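Okay, so subunit A shows up in both of these, paired with subunit B first and subunit C after.
Showing the complex of A and B:
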């Protein structure tokens, strides 16, 4: 093991992140006891929209829930058995199977019975999302379900007609929510939630941008526990406030050269969700002075970036920073739609070259020595085009390897085999 | 400097002892259930053959699927890194080394010093590894050692559609029932595995010269099929199954890739 070269220490706000996450899952469980309502949907759903129903509206986003289940291998195996016994194929989205399995077993990953949602609100861009919640609603005995189709093309081809298509659906969605909940919608709460979401997702992009520093102030395994908050509650004030606090702390770490990995010598990036039950692979890298600085996935699943004047990537300027005042429901939904469509992790659905371009940018700007791609059999959406990305990176002269696995189904991941492939890659980099 | 390389392969453990670039002794045995014990046994046999005591070995480097349990090792190198070093040592013109072993097929690209620069692996599928040929030999009821020479007697190419060992076996049974000659079936088997390996290697980019190593390289039928499929000449060492162990033994002398255990 290499001798530490930099100072290192745990994040001061680490426990804040843990508490926020725990509270989020507890709130969903206890929502009805508190007189509130529950909705469930994808982490990419327009979560700011149900916020207009009141401050006591709590959500459960499916992908981070599926990842939580995946981390508990025994429970994940039970979920897979339960879904397969119902006749669902084992090559479907692993998060979705973890989620459906929890419903079928009536077991919540955090203990107790699975809390049924009052309504389901999601978006559809990957091949699974709409069916995920359609089936979830059926398994839960007929929970009302609304899905917004957001597959309108890449951001660099955006136009008003495409944005209108999304805005009109979310306008309809609000009317639908009022009907299924019997509540009156508050546009002011929507507007605040949109501001929160823009602030939170821009801040996360800023935090990721700070990781361009050498040594990297954050490692990807730690980032997984931090970015997750934006997949749970990107529209909530406490999420944006936490990221502001984290951003300030990470800035200090950059100034003081506090490293995530004290012996940092080589920098890699990964891609797609990791095999959640085997995150020790990321610590294994550190033994050889290798830090994973993140990935397009960690950065851009929720982080919103823009190209700055100097041509580099940085956090997107928020509407409030631009002095834009949102005054109406329609305007709020338009801002939200336009903001969301610039999400980096949505672009590859239209062309792998768009993703390859962003990956090359990260390699360049984050000073990455090599790329480790996870051919993730558990997520067809984020793995789409990944072999094309590998070819593009290789063509650009960037050392790249891939390993096969599954983010949520351990039957499709072999740690020892993967480590032997990683060993070879570390030899190529000169780290081993 | 005297060094030893131990290749803890999935089916066999191979040991090579090297002194200043010359092979002093080598040996192999089945990995069996207790791979560590098998390795200890063959290591000591090879030491005896070389007329050396263990203390005389300056470095012992392990590679292969079971390298973590290799006895006596104070260094390790990946299978791909060892292939590159070993293949390059035997053929300095080598830039691509293809290794087809019992459970895995892989291809490695190396530079003009024998250092691995890229690799690709045929993952989780017996259809690109020696196990495939073994299973097909059983289906044809012929000895594994005979299937290579037999396939060279084939009179025609029979396409084999299956991409999976299990289905390929049933396809072989169908061909037998259709009275296809064993030689033609043997060739179809080798063509099928060659297609897999060639397709995998093309993903890496084929750079000449191409060296073929690993136990399956002893199968003349497979070598013939792979040559035809890749459209390049293949350099095959006399004892291709020892190249991984040789590469491991070379590591302390080359000092590239690998690390201390």
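Showing the complex of A and C:
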């Protein structure tokens, strides 16, 4: 174990993040008691859109829910068994199986019966997204379901037609929501939610950008507990407000050289979702002075970036910072679609080269010594093209290793074997 | 010549440009060249297709393209583009939301971009007349294929499932006008043609991409005939035609949006279920083989519901998982056991 080189301390706003998350799941559970309505869908859904139905509309996003289940290995195993007993293959998305398993077992990860959504609202970019909620709706006895197809190509090829395709589907979605809920839609609430979402996702990008500092003010294991809020409620004011508070605190940590890992000597980045039941692997790295500063996954799953004047990556300037006033429903949806299409983690669906480029950028700007790729059997969407990413990083002279596992199904992760692989990699880096 | 990775590619536009579309398929041989490029949790088909490119077996192609489909095939396409020198490549952003009315104008626009791109590559303007001619050739092929399939409804079909599969796969690799010529000849011969074998149990086969002729041959050697399929190497490829209209590109877009869906595009409604059931009824199917390429998520997501739906309708099903090569011996035992369930006790003893 290396001696600490930097001061370190826990985040002051840590408990705020925990409370926001707990409240989110509680709100979904108690939505009906509070006279509200529930919707469920993917973390990449246009969550700002149902916000126009009222302030008492609560969501359950599937991927973070699936990750929560994964952390509880026994419950996850029950969910997988239940899903497989229904005939579904064990190599399907592990989050999806955790989610379906919860429906089949009628058990909520936070206790009690699984709260049935009033409607399902999602987007489709990977093979599983629309099908996830098609099946979920059927398992729940016929919950109304709407899905917006967002697979219109990478951001660097965007044009009005592609944005219009998304906007027009979303306009249809609003009419559909009014029908299935019987509520009248409020465009002002939508507009506010779009502003919130742009603010929250830009702030998260800014927080990630602060991790370029040496020592890194945040480590990736901690970031997992922070980025998650933007996968739950990126459109809500409390999410954006929390990120503002976090940003200020992380800025102070940079100024004061407060490290996430006191003995930081080497910096690595990972890729794709971690095996959630085995996060001790990230602490294992720290024993050898290795901090994982994040990943394209942690940064760009929800964070929205742009290339700044000096050529480096930073938070994308929000519409409100540009002085853009959103006045109509269509304009709000257009801003939202255009903003979302620049999401870093949507680009590799069309080309691994785009992802490799972003990864090389992170290596360069975040001063990364080596890359640990999680070949994640639990998520074909984010593992897509990962072998090409490995080749591209190697070609660029960047030390890279891969370990195989599954984000949500412990049957496909071997901690001891992975530690041995990591040991060999740390030796190559000179950390061990 | 242009290699394509998915049957959502609008071949009419390629034909109109004077390009021969050739479907890229695998060889069903074990290979060791794709491991560095595609993580092993992706389907054997995408790896087998890429292997053919890496091994130089499609070195006669001038270009490649994909119409957006599953994540698996997209990787075969992108790795091909990176590692195999190709003069032309195109990724067509085919919508997934084919049940939305918004998909029609969107795809029409994407096809216009694609047409422009081909014109730039070939230096040839694609006129309305070129498109009309191509639509006619392709529609003729579809109509002729459907006429051939009609014969499979007969109590003693004059062609086997293997022959039907070879007809469709050959049409994906040859010039459609030549194929039409051959089909016309076949249609003249079919009324008199007799298979020197009993029809046996009438089976439907459906699921992932399937060009495993060895498997089909084995099944049909066991006292069964495959009389219909729902494969992209089968009926799904040619089932609907382009309905001509003034806006040719919109007509073509409409055909591809309305075609029998791949499961990756079959949402929010399940249009595949009534379509499959209708095929089963029309072709007097007794049982169904559900096959799935290992790790093929789109089909893995549909198979439990398809299976349930068929069985509720009184059509027994049997599930088999395919890889690049299939264990024919094991599968033979399993298929035999399935076929035995259709026999009366007196047939068994």
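Just so we're on the same page, the second predicted complex is superposed on the first by the 432 of 432 C-alpha atoms of A that agree within 3 Å, B and C clash if a C-alpha of one lies under 4 Å from a C-alpha of the other, contacts with A are read in each partner's own complex, and residues count from 1 in each chain.
The rule we apply is simple: a contact is a pair of C-beta atoms (placed from the backbone, for glycine too) under 8 Å apart; a residue touches a chain by one contact, two chains touch by 3 or more.
Predicted model only: the values in this text are computed from it and were never measured.
In the overlay built on the shared chain, the residue A:385 is in contact with subunit C alone; subunit B does not reach it. With both structures placed on the common chain, the touch criterion links A:172 to subunit C but leaves subunit B unconnected.
Touching more residues of subunit A than its counterpart among subunit B and subunit C is C. By the touch criterion defined above, A:249 lies against neither subunit B nor subunit C after alignment on the C-alpha atoms of chain A. In the superposition on chain A, A:147 contacts subunit C only, with no contact to subunit B.
Once chain A of one complex is fitted onto chain A of the other, the partner contacts of A:351 are limited to subunit C, with no touch recorded for subunit B. When the two complexes are overlaid on their common chain A, residue A:91 makes contact with subunit C while staying clear of subunit B. Touch criterion met: A:124 reaches subunit C, while subunit B stays clear of it.
In the superposition on chain A, A:187 makes contact with neither subunit B nor subunit C. With the contact threshold set out at the top, not one residue of subunit A is in contact with subunit B in one structure and with subunit C in the other. Taken together, the subunit C residues at the contact with subunit A in this complex read 35-39, 41-42, 68, 70-72, 74-75, 78-79, 82, 91, 93, 95-97, 100, 102-103, 106, 109-110, 263-264, 267-268, 270, 295, 297-298, 300-305, 307-308. Within the complex, the subunit A residues that touch subunit B are 288, 394, 399, 401, 404, 414, 417, 420-421, 423-424, 427-428, 432. Of all residues in subunit A, only 86-89, 91-93, 124, 126-128, 130-131, 134-135, 138, 145-149, 151-153, 161-162, 164-165, 168-169, 172, 349-353, 375, 377, 380-381, 383-388, 390-391 touch subunit C in the complex they form.
Only residues 65, 67, 76-81, 116-119, 121, 123-124, 257-259 of subunit B touch subunit A when the two sit together in their complex.
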